[in-house]
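First chain written, first letter: the chains are A, B, C and D, and each begins at residue 1.
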Amino acid sequence: MIIVMKQGATAAEIGAVIARVQELGATPHTIHGRERTVIAVVGSTERIIPDTFSTMPGVERVATISQPFKLASRESHPEDTVIHLDPHPGLPEVAIGGRDIVIMAGPCSVESRSQLLETAHAVKEAGAVILRGGAFKPRTSPYSFQGLGIKGLEILAEAREIYGLYIITEVLTPDAVPVVAEYADILQIGARNMQNFGLLHAVGRVQRPALLKRGMMSTIQELLMSAEYILAGGNSRVMVCERGIRTFEKLTRNTFDLNAIPILKQLTHLPVIADPSHATGRWDIVPDMSRAAVAAGADGLIVEVHPRPEEALSDGAQSLKPERFFDLVQQVRRIAEAMERGIVGSTEVVERAR
Amino acid sequence: MIIVMKQGATAAEIGAVIARVQELGATPHTIHGRERTVIAVVGSTERIIPDTFSTMPGVERVATISQPFKLASRESHPEDTVIHLDPHPGLPEVAIGGRDIVIMAGPCSVESRSQLLETAHAVKEAGAVILRGGAFKPRTSPYSFQGLGIKGLEILAEAREIYGLYIITEVLTPDAVPVVAEYADILQIGARNMQNFGLLHAVGRVQRPALLKRGMMSTIQELLMSAEYILAGGNSRVMVCERGIRTFEKLTRNTFDLNAIPILKQLTHLPVIADPSHATGRWDIVPDMSRAAVAAGADGLIVEVHPRPEEALSDGAQSLKPERFFDLVQQVRRIAEAMERGIVGSTEVVERAR
Amino acid sequence: MIIVMKQGATAAEIGAVIARVQELGATPHTIHGRERTVIAVVGSTERIIPDTFSTMPGVERVATISQPFKLASRESHPEDTVIHLDPHPGLPEVAIGGRDIVIMAGPCSVESRSQLLETAHAVKEAGAVILRGGAFKPRTSPYSFQGLGIKGLEILAEAREIYGLYIITEVLTPDAVPVVAEYADILQIGARNMQNFGLLHAVGRVQRPALLKRGMMSTIQELLMSAEYILAGGNSRVMVCERGIRTFEKLTRNTFDLNAIPILKQLTHLPVIADPSHATGRWDIVPDMSRAAVAAGADGLIVEVHPRPEEALSDGAQSLKPERFFDLVQQVRRIAEAMERGIVGSTEVVERAR
Amino acid sequence: MIIVMKQGATAAEIGAVIARVQELGATPHTIHGRERTVIAVVGSTERIIPDTFSTMPGVERVATISQPFKLASRESHPEDTVIHLDPHPGLPEVAIGGRDIVIMAGPCSVESRSQLLETAHAVKEAGAVILRGGAFKPRTSPYSFQGLGIKGLEILAEAREIYGLYIITEVLTPDAVPVVAEYADILQIGARNMQNFGLLHAVGRVQRPALLKRGMMSTIQELLMSAEYILAGGNSRVMVCERGIRTFEKLTRNTFDLNAIPILKQLTHLPVIADPSHATGRWDIVPDMSRAAVAAGADGLIVEVHPRPEEALSDGAQSLKPERFFDLVQQVRRIAEAMERGIVGSTEVVERAR
């Protein structure tokens, strides 16, 4: 921790800060610059709150030096974490965060059995190994479709059996975590819930992989702090997902912060997934941005696909038709190959496509 | 709803959109401009999802005309809503959203009985009628102080009895709503939970006034949509609160969007509160911004006060010492008077201060 | 300057940084924390570029401690700068940045002699002492009205004679500075030109007060750096102006960053002006935000007024009609009085209004 | 243009709007919805300013339908524009915006003859065909290095002769356009000058290709409006460049808005270049983001390279060392090949690298 004193801070003010540092069990190093005095605090500083000093007379500002996240940091865990999904009878093994790129796809919402099965068939054909679909939907308006709930989970589970796809679905409330974990292979925490700490606690207590989306207002560091909540709770299988942030630009729904992908790869050992559908809000640029995300180093993609986007009950504008998604996977594969990576579980599709 | 076709959209594409509008039970009006064709959709459009059209061939974009919130809108309820707190033995009546400005103040967190009582004494002296204090704290880091929980609620209730102050405290999870509603006079929904829809549903089901804070990257319209969730659930006593949004500026913790205050007063009948402590993150400008918020038309303020900010377990940098808060109330009173408003419940303090 | 080394930086890497600091004539102080080593650099650091170190092996980041602006800083000049406009025959003296608040008003663009004189009459009646109006207009589209140029300056000068109002107008290019300075009492540098350094240089070389607007995506610190350009050029009469920044919120044209007002008053001795017209883009909330800006501590306002906003060639949506502006001044006066300030030069209007 | 009336607008208010539309020579189409009336304006609407209506009583808001840029739009010019640089004796032809990707590279500033020649040698070796380097530098602080001026242009021209590289350099003021155009093969307009309209006018009047960078606060539409200024001035060889926008994220200098690349390719026929150096501010992720930009569809890259970044007088933190830049080009080539594109002019380097 570095405490910068104001220009003209008095000796008494400086002395008070030094005394306080010592009182808290740490060691102050005082450096007298030409304009300002700076006090570096060394020792057990985790328990010291920066505001302790920032409100003392003569203090200009306080900067922290240590990373606030530990379990999520690459410093504490230099190797990449590879997440193995829990095995399911009849399904191939899937590892996320390794050499190959994983593709998750499906509709925004599970709307009906036939809609989901039709989509599952199409995404399987195209090369996805994980099926996405919302059973519980967070909606801005109380008057919008809120999802099919448990019924939606059952439909997802049925699609898993029929098509051999793992399933990922969103969980919205702490009390729904056990039931969603019973059905889903990956628990998704949505952008609006990235700092829903009760939910993070609950997901930390189950043994089921989690995909944590970055909030549209959240910094990369805050995303890792939220991952830390889940890790600290005892669940070590966490992926983080960039899905676009809010800016002034209006032609796209969000601004896809692809810088975050290599930065996250540096800061954390957790797999990094990209969601080009929400990050753009426009199906017509989803293939371009899927290629870009993989080229930037993403370990996987989660893409919205709907057989008839114009009939979708949510997010139609960002959903791809099956044939466009098929093309997308081909394009992504070529980018992955240019980076000496492959697509998880899609060997036979490669064959067919060639 | 207005559907703008692309320049060069074919007659068949236009025809398909028109047919789809009719299929959905609404009436299309087609306007052929020099460059583009526009189709205005009239009739029962609430159930029609814009994305229905935005993915059809030849469509450039779709704009909605109606306000998406109904119960919260001033159009549906032209008069100001005045919220009466539930009466409590020995406490004066308090109305929020009327002629006078209400002041809520207290520490970020309830840290101990003595800290809270000391603060309660000070804020009462200064002219506040409502005591704030967090018992359940949403914290970015899992390693930070998370609040005293039920014990904190009990301390708040004791302070109410001793000092005659109503209490407001945050609720974080749906299942905690009943117990918090039992102790608190106002339920606070924090910025990070503005779109925690499970929580909004739960607060909609109790009969206790709620203060809903704007998310740090939420639009004004989204704030009102979240208020709509609570209102639609059956709880009509909702206040909305501007507490700063996230921008690129780094010298303050957030950017206080004071434009939102008169805009909210136009769009909704609900009382509008301002939180200058979170909106700035700096105690040294909290008095300035409290004056500004009242001058912009806010119906109330919620301010962080701590007897010793340098010892606060959270948000010390934005907490005022009691004597500074006393000054703040005097300054705010003068601004309120310049606008022909007063401060709720502080007649005797006015006398003393003169 | 503080150099934070990466966790695990080697002794050789640390040694190289220390050697480089010494080579550059400064003194390194090395502090070995538990996780990281930090090197504080003391001495003549102005000439040292932080990037010198940020690209060296083992360096995590570099933080600067000193304020990068000197002439503009309150540290170097503790008293408020009061700017006296150059005297003009027949006009009362006007000081900006003192006890009283100055009001500048007029149309976005000078459109015609009659439009300007009509507006000048109205704003004089209401209590303004400075007339604004654009002769050279920066327009997003090449096809929009670009201003009357020199003819516009002549009309402004005529209005000055007739109504006894000082004039402020924008200058767009370095080569136009001398001619605009010949006509205008205050040179305005618009938001889009805040970092047009050629223009700042040119304005620094004339002896005419300047009003420098904050760029819509510029930090407060960058605004002061741009002021520093003008001051360093030899022109000491600079005012800075908050006029709204860009954010994700769409209901207003910009987000009025009123936090910037007290922050600027702390950091600089220069007068701080607020522009509620551009900061909101909506005439209907301009009075509210004018009151708020004065309550936050602004030294003056610059407001758009047009006799018939619906016929304005630019910015009609944010222009007030004369009678609304008259009301605005009355409201602002009451707020100013609540803060023990007055309105510059409007004594007789006060009388008339009472 | 679509005029949305307020709910409850009177017949007289609606009538006044209709009359005004007719007065301005356009045709109103009135659509009475259940809640609101909407008036669609058809005909010659270019000369009608939306604010004409937005301030009339009863009007809620006005939306424009037409694209405000014409010459820059793909609607007006469906084929991609391929820019041929002016031929220079001894240099191969270079086309930008065609099948292959162009790479421009060099230091932020020309600091000395030896620094530039050393860099030119390295970037030529790696496969660049255009050398970048600033002779006139826009700097936030008046105390920072401002560039070598004409001397810098001469050094660039010398490097062109020696290494056979075209040169691109920034022009800051309208009066410097002729001299910079005399030396440079491409005129660069920097992000801070994207709306310096005097400069855009001046660049529109010369016959030299221009690279226009997006302002850090500018929308995609505004970027195209600024391109329109140059095109309307008579200079048809314009490239647009995404270089990052400002957001709340602090770990990178800017947020690289890669969504803008496919969006620009849809909206305009002009070549789209990406600047991963400024868009990230961190050399360590420049290779990742270069790959991503090409995968997103960029027609070229402009990258900062410095032989000794730690000695750079500007932007060292985002400059690559020559060997890293060499690697970057190899990586980018593989991505380009995956998209069936190549790198302009680098056949022999390909050979050598294999």
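Keep this in mind: contacts are C-beta pairs under 8 Å (C-beta built on N, C-alpha and C of every residue); 3 or more make two chains touch, one makes a residue touch a chain.
Keep in mind it's a predicted model, so treat the numbers as computed, not measured.
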Next on the checklist: Please report the smallest number of touch steps linking subunit B to subunit D.
Outcome noted: 1
Next on the checklist: Given that subunit B and subunit C are copies of one sequence and touch, is their interface built from the same residue numbers on both sides (over half shared) or different ones?
Outcome noted: same
Checklist outcome for this item: Note: of the two pairs A-C and A-D, more contacts are counted for A-D
Checklist entry - If you average the CA atoms of subunit C and of subunit D, how far apart do the two points sit, in angstrom? => result 28
Checklist entry - Taking each chain's centre as the mean position of its Cα atoms, how many Å separate subunit A from subunit D? => result 31
Checklist entry - Taking each chain's centre as its mean C-alpha position, how far apart are subunit A and subunit C in Å? => result 40
Checklist entry - Touching two or more other chains, which residues of subunit A qualify? => result 217, 245-248, 250
Item to check | subunit C to subunit A touching residues, read off their complex | outcome: 2, 4, 7-8, 29, 31-36, 38, 40, 42-45, 63, 65-66, 75, 217, 246-248, 250
Next on the checklist: Going by the contact rule set out above, which residues of subunit D touch subunit C in the complex?
Outcome noted: 20, 46, 49-56, 68-69, 138-143, 172-175, 192-193, 195-198, 215-217, 222, 225-226, 228-229, 232-233, 245-246, 283, 309-317, 319
Checklist outcome for this item: Per the touch rule, the subunit C residues reaching subunit B in their complex are 217, 219-221, 245, 247-252, 255-263, 266, 279-280, 284-285, 288-289, 291-297, 331, 334-335, 337-339
